[in-house]
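Take a look at the structure below.
The letters A, B and C name the chains in turn, as written, and every chain counts its residues from 1.
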Amino acid sequence: MKRWLALAAVIVAVALLPLLLDPRGYWIRVFTFTLLFAAMAQAWNIVGGLANQTSLGHAAFFGIGAYTSTVLLLKFGISPWLGMLAGGALGGLAALVIAIPTMRLQGHYFALATLAFGEVMRVIANVWTSLTGGPGGLSVPFVPPSLAAYSFKLLRPHAYIALAALVVVTAIFEIIRRGAMGYRLRAIKQNPAAAEVIGVDTTRVKLQAAVISGALIAMLGTLYAQVAVFFDPDTVFGIASISIRIALIAIIGGVGTAAGPILGAFFIIPLEEVMNDLLSSRAAGLSQLVFGVILISVILWRPRGFITVFDSLRARLSRSGAS
Amino acid sequence: MSKHHSLGSTGVNRRALLSGTAALLASPFVLSSARAEAAPVNVGVIMPLSGPNAQFGINSRNGIELVADEINTAGGIAELGGAKINLVVADATSTPTTAGTVAQRLITQQDMTAVLGAFVSSLTIAISEVTERRDIPLLTMSFADQITGRGYKNIFQVVAKASVIGKAQFEYTAAIAQAAGAKIEKIAIMYEDTAYGTAQANGLRAGAKAANVEVVMDDAYPLGITDTTPLINKLRGSGAQAVFPVSYLNDSLLIIRTMRQQKLTIPAIGGAAGYVIPDFEKGLGEFAENVLSIDTSNYDLAPQLTERFRKRFGYFMVHEALEHAVCLEVLVQAIRKAKSAKAEDVAAALRGAKFTGGWINGMTGGAVQFDQTGLNVLSVPLMVQWRAKDIVTVWPKDIAKSAPVWRS
Amino acid sequence: MSFLQAILDGLLIGGVYAVISIGLTLVYGVMGIVNFAQAEFLTIGMFTAWFAWAFLGLDPVLAAPLSFAVAFAIGWVVQGQLIARVLSAPSVAQIFLTVGLLIVIENGTLLLFGSQFRSVTTSYQTISLSLGPLFISIPYLIAFAMSLACGVALWWFMRASWFGRAMRATAQNPAAARLMGIDTALMYKMAFALGVGLTAFGGAVILPYVTVYPGVGGQFVVLMFTVVVLGGLGSVAGAVVGGLSVGVIQSLSSLFFPIQLQNLVLFIVFILVLAVRPQGLVGASR
């Protein structure tokens, strides 16, 4: 009961934050992207955390979502909300297509195969100029503001939509984790052979996880496109800008937990911004260098993510309570 | 001075609170030159200072800093009571979304008169999405057609568009060959698959088509290619009489060297970028001699000014440095004209007026004038040719400093 | 004829892919770590060779041992101070530690050496041998020969020297190796340093035809992974087969498809090979 109250308090506090920020300003933009990346890392967490398959190619589905809704809007004037559903369907389908050949791969092999798939999608987006605009990228046209058209003058509504998306994706993650599917995924994670023996259809469960994760992150691609307004293949299909980044966020926070990606996003995204703000005008490369050093330090300090700080805190508290 | 600092550091809601008072305070500041020091004019400089295009971003920053320092040492902007130019430099990185966020940050933290940036077209477009919504003028030398093709009111492109440059790359070449008594019937186009490469290739293709010249090879290749042998194998089999590569430096060196290896001596006419920087000659030595390239401006059009760049930074004033210097020159002239450093006043002063003199002499057309879309209508591309360690303007004839050499 | 030429070019370039990737597979084979920062040691090797050329007048090919030594020393420290601490951590932590290292090295070189593209000029850079209608690029040939020599030396080292055998024993069973009196921590340092040294060596030999700048390693990351996975992660012989295959696939694909699709073809082959033969083309199943 207490935990639910605490959770509700946090959500209310976060929900109030956009009201305090300058609606045309910088911090609300950072806040919106932080929420979006938290949601993206949470979607990744379904495959990367629950199924224990470290995907380094989630940009593939993300980009599909961004392009689907934007192309539908540009060519047919279809509302991004509908485009988001179409993008989600295509993203899920792509996840299925790539999951079938790669599902049986273990650890690093899976990671590298998905990395290559992300690159395949990036090359296709670059080449298929008639559909995607090619390397020149796409601009989301500005239409009269309305919720139905997913168009706003200020960033505040975008922040709330991103927050809602984070809540929804986190809820889906928790439902899966606590439900039968989460149980099966854990069984596979611990011992695939044994899981098979006790009657878990491992193929089916892994495919389900892959499709749900792919569809969710594709839908978030639409949200990203609507906030960023302009993107090109390297932005939405990028290894460093998307695939590695969302995996990093989940890992820094704590893989396989609902709080992990949120902690990770609220650490990584603002950190990048602060570094860029403080150091980028001093010497080229300095801000990224410091960012890398901080990253290495955090991983050495907490190889299992920030979430373990709370675990050890709790352990210490209960110990002191017992004595 | 202090007013601006407090603006930058106070809380997030200060805009609403202070916008009224700021407007009231601004006018006495502008008018009274008796004050010890006028408020500085904040100009955002957003460039890729890290990542694959860092070199071009740094060149651009150098050009801007040179002009700003010269204006400041000369007493600042007299019309604003000797206001100094305060450059706020930030790294655009290589991701458009980050560039947009950086623009948002600069505009939010300080009152910006204008933003300059960001060399790479995709970064410029992302920044323009922010500056347009905040009514801050953005001056750029990025080539892409989309930049002024979206009907935005606060963007100003000082150079010709990529499609125009590509077309000129072909047409000037045809004219130079004709002047030398040669005729081109078959050409090859190879370009990196970036916004810049594809847009310029479109122009090349259009130019060839209009002149009824056959394009026997037309290949995009992936950015960051490390082996150009397949390209040159294909070129060798194509029977082209001239090749038009559009690329950054690494590819340009690879392409020229591999052509030499395969004893291909047809003229290569570069598409600016990697073909017009000092490192091109450093990498190729004698093989750089007489290589032609299209360009958007050249330092030999205003040697007395651009020599100052060479003196300070140790290399010739590359076109992105020169054009960004022109961006700042035009901006300062607009501020002088508007007698205001407010973004909307400056934007209004930029539209329609004709700017001349100073760094603008380095541009073709001898002046800068923006049309409704923000495109500088007076800029035309030019052709340069490598001579020893320098690049010399050789076409069009009226501005050429030397006659072109054509060896087919 | 263009077919033969493409095969030839592919083999020459593939030999170099092999040598820069052997280090990656060695590190994986001995420690089970996928090093995302491996390609950054290519950058380090290239910068070392460039400075040796610019200030000592040394040909990059002759500077290759120097590049090897510099990267070896850096690798030794990195393994001892950083990688060793995460050997028992989850594999994702290992991966992202090396990602952090990648960011640090790329931006460290940017900070130290600036962003400009640096290239060397050598006498043989623009020369090729004519073999009937075929062209053999001299810089490619030299790089290939150097890679071959390097591969043979490594093979000898792993087979014949005590260190090599101890390293292989550590790879197969660290606990048993420890019982036999092998200092496994030393072996890990040795393997990592050797691995990144080889990649740096490869960086020096390609300098005559590739320009160096802080981000150059990034151009090779995915390519190197493709090479080692095609050959079988952890297999040194596999990296050679993988390197040659990648070179030939890239070169041949440009005969049939637009050159823009070069990497697309490569990655699709890569995913298919993984799906059918996850242990790689030659790799024994681990």
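We adopt the following convention: a contact is a pair of C-beta atoms (placed from the backbone, for glycine too) under 8 Å apart; a residue touches a chain by one contact, two chains touch by 3 or more.
Keep in mind that this is a model prediction, so the values were computed, not measured.
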Practice problem: Any chance you could check whether B-C or A-C wins on number of contacting C-beta pairs? | Solution: A-C
Quiz prompt | Chain whose average C-alpha position is farthest from chain A's own | solution = B
Exercise. Provide the C-alpha centroid distance between chain B and chain C, rounded to the nearest whole angstrom.
Key: 37
Exercise. Report, in whole Å, the distance between the mean C-alpha point of chain A and the mean C-alpha point of chain C.
Key: 32
Exercise. Could you tell me which residues belong to chain C and also touch two or more other chains?
Key: 107, 110, 114-115, 214, 258, 260, 263
Quiz item: Do you know which chain B residues sit against two or more other chains?
Solution: 49-50, 54, 57-58, 193, 220, 222
Quiz item: Considering chain A alone, which of its residues make contact with at least two other chains?
Solution: 123, 126-127, 284-285, 288
Quiz item: Quick one: in the complex, what on chain C touches chain A?
Solution: 28, 34, 82, 85-86, 89-93, 95-97, 99-104, 106-111, 114-115, 214, 222, 225-226, 229, 233, 258, 260-261, 263-264, 267-268, 270-272, 274-275, 278
Quiz item: Which residues, counting only chain A, touch chain C once they are in their complex?
Solution: 48, 54, 98, 101-102, 104-109, 111-113, 115-117, 119-120, 123-124, 126-127, 239, 244, 247-248, 251-252, 255, 283-286, 288-289, 291-293, 295-296, 299-300, 303-304
Quiz item: Can you list the chain B residues touching chain A in their complex?
Solution: 12-13, 15-16, 49-50, 54, 57-58, 88-91, 93-98, 100-102, 104-105, 107-109, 121-122, 125-126, 129, 133-134, 144, 146, 150, 193-195, 197-199, 220, 222
Practice problem: Report the residues of chain C in contact with chain B in the complex, numbered from low to high. | Solution: 2, 5-6, 9, 13, 107, 110, 114-119, 121, 125-128, 135, 137-138, 140, 206, 209-211, 213-216, 218-220, 250-251, 254-255, 258-260, 262-263
Practice problem: Report the residues of chain B in contact with chain C in the complex, numbered from low to high. | Solution: 49-52, 54-55, 57-58, 193, 219-222, 224-227, 229-231, 233-234, 237, 249-250, 253-254, 257-258, 260-263, 279, 282-285, 287
